[in-house]
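After the structure tokens below, expect a handful of questions from me.
Labels A, B and C are assigned to the chains in the order they are written; within every chain, residues are numbered from 1.
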Amino acid sequence: MVDLPAKIRVEGLGVSYGDKIALKDLSLQIPANQIFGIIGPAQSGKTTFLKAVNRTIDFVSNATVKGRVLMDNQSVLDASSFTPVKKLSNNGMRDLCGYRRRIGMVAPLPVGLPMTIYDNVTFAPRQAGIRKKDELDTLVERCLTQAALWDEVKDRLDTLGTKLSGGQQQRLTIARALSHEPEVLCLDEFSIAIDPVTTMRIEDVLKELKAEMTIILVTNLVQQARRLAKRTAFILNGELVEEDTTKKIFSGNASDSRTNEFVSGIFG
Amino acid sequence: MSTPPTENSMRFAETELVRKKQLSERIAQFAFLMMTLAMVLPLLLIVTYLIYKAMPALSLGFLFDLPSRGMRAGGIWPALLGTIYLVVVSLVIAAPIGVLAAVYLNEYAQDNWFTRIINLAVINLAGVPSIVHALFGLGAFVLFAGIGRSVLAASLTLAVMTLPVIIASTKEALSAVPMSFREACWNMGVSRWKTIRGVVLPNSISGILTGIILQVSRAAGETAPIMFTGAVFYKAVQKGDVFAYGLLDQCMALAMHLFTISTQVPGVDEAIPFATAVVLLGTVLLVNAAAIIMRIILRTRKKW
Amino acid sequence: MEKVIEFIIRVCGISAVIFVFAIFGFVFWEGRELLISGEFNFWKFLFTKEWYPASESNPRFGVLALIAGTASVTVLAMAIAVPFGLGAAIYISEFCGSRLREALKVIIELLAAIPSVVWGFIGLTIMNELIMKLFGAPIGLTVLNGAIILALMSVPIIVSISEDALKAVPDSYREAAIGLGVTRWQMVYKVLLPSAKNGLLAAVLLGIGRAVGETMAVLMATGHAVHIPFDGTPPFFHPLDSVRTLTATIAAELGETARGSEHYQVLFVVGILLFSITFAVNLTADLVVKGIRDK
């Protein structure tokens, strides 16, 4: 079924926060260079899934994790039984920061950091050691252009990122996620706080970006997944209900009846 | 209220019960207002009275002159200088430790029993009586560490005393920075410390500084902790000598000086203790007011 | 590099714990010889009123009178400060507009900033004369004087913590009560005070903690007599008597003792007693506050 080699493979992933189980035994393969949709109602574990994939789950102090996550066949998270995040190994990586930079993450609500637009985009590269002014300048222009924001802000790169409109801030967030040249771009319900026009612009951006990187699109708008994703997974209450081609999922005769109900808007 | 009742509003006309309710409401409000005023008015009266009694002695010269005739006349320069020394040295010690402790509690500590113990310790440290701090300072710094009664020992004692409050105010400033800023940085592969240094601290520094400034005034007014650890009744200094005290010298201090001349020295010109009190009070209130104004300005100039 | 910084942060993080133990440890250490010597009787220390620590022939260390001094000043101070503090907190949080609220909060913050030695000076001069004139007392440095000063000193903390407690009551409670047509006063009395009672209790406890530990103000304002202001004749409690508190005793006498002498050591034992009292009060206040949060 999978026509391209898997960029990310998840095997038996489980996450719990204290006593609360957020993800149960989830296995998935995310193919490279296409948009992979993840749909499901609120609180179903979609955000937790992304946190486990980019290992920011490590910052949630009461989380325990089990299962495996592999990127390019290399293990980045490996726990045979539920393990507190503090005790998770780095899997031979010097630090997790380098790994996290291989993944770009866009949060549901736009977060312009309280620094200039220029600094917003160059923050991560500078922390990673890029200092040359001209290198940073080209990077800013490239990322902002990719995020379809360059024309609007090129004359005022020194204004505060927090002063932009919601839609602009969300594109700034995307530009920032692109600034560390990720191989995978994750978007977590990116359109939740922005207007439809901006949403369409960002969707166009994503269609272009998929040539260069793998995109994981978590969305609560099922139609968005239908428009963009090649394959789609449906998660409910921390469990993977099914994963198939978007066409099949939305055809109305998916293998699981709950999928049909969800995509046709009966619940969720 | 004053418009004549129309037929419709008659249905809502004041009944006896409603009128009684309104009366009790007014009485309650009035009583609470009076209670509030009962705290505010004494402050104004006392300050006015202190200034009135201090007028004969208050002058710029009073600040910069040396005491004379066995501290019965003259100015307060050595005491003022000593207070500045104590405050500066104690802040240099307490501020970094307090800020880093708050960073630990707000950014690193997990929600477990150990963190609860630390928080409990902070609360209790803030509640330790100042005279017990004095005993601790005497036992630990003056005697055990062998520093002797000195500016350093007194400042260390003051530092321990101000520490919990710096921790509390810094924690508050740090937790005002939205969690989403931190998550955005972590998502970009920025480490925890670099996130703190690059985003959290720059955006809370003004709140942290305000908290520290408020501490300055507290440290300046303390008497008990420095009484047995470094402050003395009298120390001869040169007029206008800004570097009069070394770290290991004993020093005079404004609060201590007020205590001494009002209780231990007979025959002091009446206006002098009042003037000393006004200077001490004025310094403390000015520093406080500055911090409060700074806080108000910052609140209106939020970046997010 | 980053590991080093994080290590330093961790060390600073536990500094508060270290200092709490260090304070207890060092104060205990300086008084250790007296405490472990066979002569020292803890019950006699607590429950006798003869305080003659400097006597050559027969030194006696009974702190009952000092405890009575601390207790009388604290209780009277709270009797004044609690109603006023709660009343002001209710006014600030429920009855006044937002501008007046901000202004009052600033004033209360300034009130809290007045150094204790200045309060002591006010007690020594202004209050002293006032009490002599009003009550015809021979001396104005009394329990009453100290209590009024302490009340003014602890009111800010009572107001600010009570106001926090009242603010923590959800607005939906207020709206529900007002919707039932009760007056605001009834709402405060029947709804707010019961639901904020833990926070208010904590505020009072912290006020007590502050009053018990206060040194300079009571040293200067209470008249310095080792004396129990209670007796068997009505009215049993004499607020116009002079007393001396535990804190004032340490401050007044420590300077005159030789290190290692019994007198010196007993003052550190008094320090341990004070530390224990305030520790217990603050711990209780904290548990009471935690109680609300868990609910």
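Simple rule for what comes next: a residue touches a chain if its C-beta (ideal position, glycine included) is under 8 Å from a C-beta of that chain, and two chains touch if they have at least 3 such contacts.
Because the structure is a prediction, the values reported are computed rather than measured.
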item: Chains touching both chain A and chain B; value: none
item: Most centrally placed chain, judged by C-alpha centres; value: B
item: Per Cα centroids, the chain farthest from chain B; value: A
item: Busiest interface, counted in C-beta pairs; value: B-C
item: Separation of chain A from chain B, taking each centre as the mean of its C-alpha atoms, in whole Å; value: 47
item: Whole-Å gap between the CA centroids of chain B and chain C; value: 17
item: Whole-Å separation of chain centres (CA-atom averages), chain A against chain C; value: 55
item: Touching two or more other chains - residue numbers and ranges from chain C; value: none
item: Residues of chain B touching at least two other chains; value: 191-192, 194
item: Chain A residues touching chain B - in the complex, by the definition given at the top; value: 54, 56, 59, 61-62, 86, 95-101, 103-105, 107, 109, 111-115, 123-124, 127-128, 160, 162, 173, 176-177, 179-180
item: Residues of chain B defined as touching chain A within the complex; value: 110-111, 180-192, 194, 198-199, 202-203, 303-304
item: Chain C residues touching chain B - in the complex, by the definition given at the top; value: 2, 5-6, 8-10, 12-17, 19-20, 22-23, 26-27, 29-30, 83-84, 87-88, 90-92, 95, 104, 106-111, 113-118, 120-122, 124-126, 152, 155, 159, 183-186, 188, 206, 209-210, 212-216, 220, 247, 250-251, 254-255, 259, 267-268, 271, 274-275, 278-279, 281-283, 286
item: Complex contact set, residues of chain B against chain C; value: 21-22, 24-25, 27-29, 31-36, 38-40, 42-43, 46, 49-50, 53, 96-98, 100-101, 103-105, 108-109, 117-118, 120-136, 138-140, 143-144, 160, 163-164, 167, 191-194, 214, 217-218, 220-224, 227-228, 255-256, 258-259, 262-263, 273-274, 277, 280-281, 284-285, 288-289, 292
